[in-house]
Amino acid sequence: MGIEFRHVEKTYPDGAQAVRDISFTVPSHTTTVLLGSSGCGKTTLLRMVNRMVDPTGGQLLIDGEDIAGAEPVRLRRSIGYVMQHSGLLPHRRVIDNVATGLRLNGAARGPARSQAEELLELVGLDPALGRRYPDQLSGGQQQRVGVARGLAGDPNILLMDEPFGAVDPLVRLELQQQMKRLQTELRKTVLLVTHDIEEALSLGDQIILLRPGGEIAQAGTAQELLSAPADDFVARFLGVAQGRRRLRTSAGQDGEWVVTDAEGRPLGVVEAPPGPVHPRADPSGSVPPEDGR
Amino acid sequence: MDWILANTGRIAELTLDHAALSLPAVLAAFLLSVPLAVLANRLRPLREPIVSGTGLLYAVPSLPLFIVLPIILGTGIRDPLNAVAALTLFGMALMVRSAAEALDAVSAEVRLAAAAQGYSSWGRFWTVDLPLAGPAMLAGLRVVSVSTISLATVSAVLGVPSLGSLFTDGFQRGIMESVLAGVVMTVVMALILDLLLVLSGRLLMPWARRRA
Amino acid sequence: MNHLLEAWELLIQADTWTGPTGMGARAWEHLLYTVLAVGVSALIALPAGLAVGHFGRGRNLAVLSTGAVRALPTLGVLTLVGLVVGVGLMAPMVALIILAVPSILAGTYSGAESVDPRVVDAARAQGMSRWQILFAVQIPLGLPLIIGGIRLAVLQVVGTAMLAAYVGAGGLGAPLFLGLRTYDYPLLLAASLVVIALAVLLDIAFGTVQRTARRLMRGPA
């Protein structure tokens, strides 16, 4: 179940091949991240799910049903979509922007607005902001509104295209954390596109790493990708090869464990020592990155 | 056709009259507008009065302007100089705005980079601002030249000889060929001047070939 | 300057304005011509411009025809059609519509195109149909430019509608041509001043509408 890509291809009329022979599944109620640098076809894959782009080969199934037969407009109304630049309608108040999807699905104005207010609260915004126009909000606030809009109508699937890519790092971190909290509560089937490795490691239950030319380099959990990169490209992309993500612990001055990277630059200290580790006895003793931060 | 063959001399004469009205007007409009636009671009407080003021000229209908102007200039209504002045004002109504916008559109980054390289304010203007605003200014000038040539025909109803005289004569005497000849000659003259402008643009601004 | 004073004296006399051929009736005719010509042009140009702006096709054709029509002398079209259909309102209407269509067309397609493509993309992603995108996103957000096109067309038509009287129709051109034929400079000037005033008033009115639209579509800053 969930979203299934079966041998999906996309070749544009000018002959440019955006993605080739892509197969993977986004299991229900989990988050899958499409990771890759620009031009690897990740957004193309994302936009196939709500038929903003149609594949030129292969099949795409949602809950076992081929979406090629689905009416695009109706399909889009049943799927949440969050994009990098919030894409909010500048001439409508924030509350009406969030309510747009609900209104498209036939909700009356009153109920749609009160639902939209709840959604604003859900994404951590003061519902009073709903009376403003998008331009009157900060970038981070606009992005939150974008998420609220994506969640309107309680869709099972949420597509997110670089949702936090246009905000500053601090706000991005905040939004990612909020997203994690939301996801434990809402358990949507999320497909998220990003070029930010940290974001992928932090949000993805499953990571699909794409290589330029639109092929899957490796698919798996963050742990699998980090501990067993399939090839040189994966290792270099994730920074394992350069040692950025190969961490070590060593004994600090006061006896606590200091985490360092491969070159010995200290990154932090371990709060709860992971058992009786003997750095000298286990020189390669790597720590899972989650603990290392 | 016979009429046209019988009247080639008159058509040629009127074409020259027409050119004598519209070409000086286009040239004057351009030469007067660019300094105004530069002023608007450099002295911010002057921008609104200059651009809106000349823009307001555009709201003044052409025929009445042909009539009101001689009162101000002291020329006669049927004096070609009057027609040239009116057409110049019209051209400026379009050209000042388009030149000012062209200068505004020169990217701030490029200006900053030029300033950082040590260009003086005016040095930067001649070597950076003006050339970069050139293609957009040329686009404005093309609109002005086509409109002016077309508009110059109106002066014929006031008795100033131009290609428009072929319309008024033709209409009054019921000669369709005369009107047709006038329309064709006006369009041809507009196209030729437009072509000349495009070609000179390519010569002067070879880097803008794709955009212009 | 004497003519100007005499024209002014003419304009402040009540007689000048009353009667079936008075300045009042002529100004009203003039306004009607303008509304009619711009109205018909809008019926043609608005749908065409929206189609070009929405589908992004036919743009080159629209640009090219706009430029080509600009080169077409209105007086030529007027007299040409006048010779074919005879004196009356038909010839000026055709000429004025040909004059007005390109301005409205250009304003409309640039208005529809001016909308941030990311906003259109987001609207599509949310499941808006083509019509909903057009009416809820592209038209409202493009409105300032669309109104700008109509404003330009109104200005051009108000001025050029003077020529209607040249082929036997009414409007403010009638007193103007009368004054021209009889060397009645004050009358000539008076008619010109009324047209100029009408044009400037319409321009101010449309300018206000355009600014209001711009403010509404961006939200209060």
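Chains: A, B and C, in written order; residue numbering restarts at 1 for each.
Here is the rule we use: contacts are C-beta pairs under 8 Å (C-beta built on N, C-alpha and C of every residue); 3 or more make two chains touch, one makes a residue touch a chain.
To keep track of the chains, here are their UniProt names: A = ABC-type quaternary amine transporter; B, C = ABC transporter permease.
Note that the structure is predicted; figures quoted are calculated from it, not measured.
Taken as a contact graph, with one node per protein chain and an edge wherever two chains touch, the assembly forms an open path, each chain linked only to its neighbours along a line.
This structure's chain pair with the greatest number of C-beta contacts is B-C. Innermost chain of the displayed assembly, by C-alpha centre distance to the whole-protein C-alpha centre, is C. Inter-chain spacing, taken between the CA centroids of chain A and chain B, is 56 Å. The mean-CA centres of chain A and chain C are about 52 angstrom from one another, to the nearest whole unit.
Put simply, the C-alpha centre of chain B and that of chain C have 21 angstrom between them. In chain B, no residue reaches two or more other chains under the touch definition. Those residues of chain A that touch chain C in the complex are listed here as 47, 50, 52, 73-78, 81, 83, 85-91, 93, 100-101, 104, 132-136, 149, 159.
Against chain A, the residues of chain C that register as touching in their complex are 116, 118-119, 121-129, 132, 136-137, 140-141, 216-221. On the side of chain B, the complex with chain C involves touching residues 56, 58-65, 67-68, 71, 143, 146-147, 149-151, 153-154, 156-158, 163-164, 167-168, 170-171, 174, 176, 179-180, 182-183, 186-187, 190-191, 194.
On the chain C side of its complex with chain B, the touching residues are 1, 3-4, 67, 70-80, 82-84, 155, 158-160, 162-163, 166-167, 173, 176-177, 180, 188-189, 191-193, 195-196, 199-200, 203.
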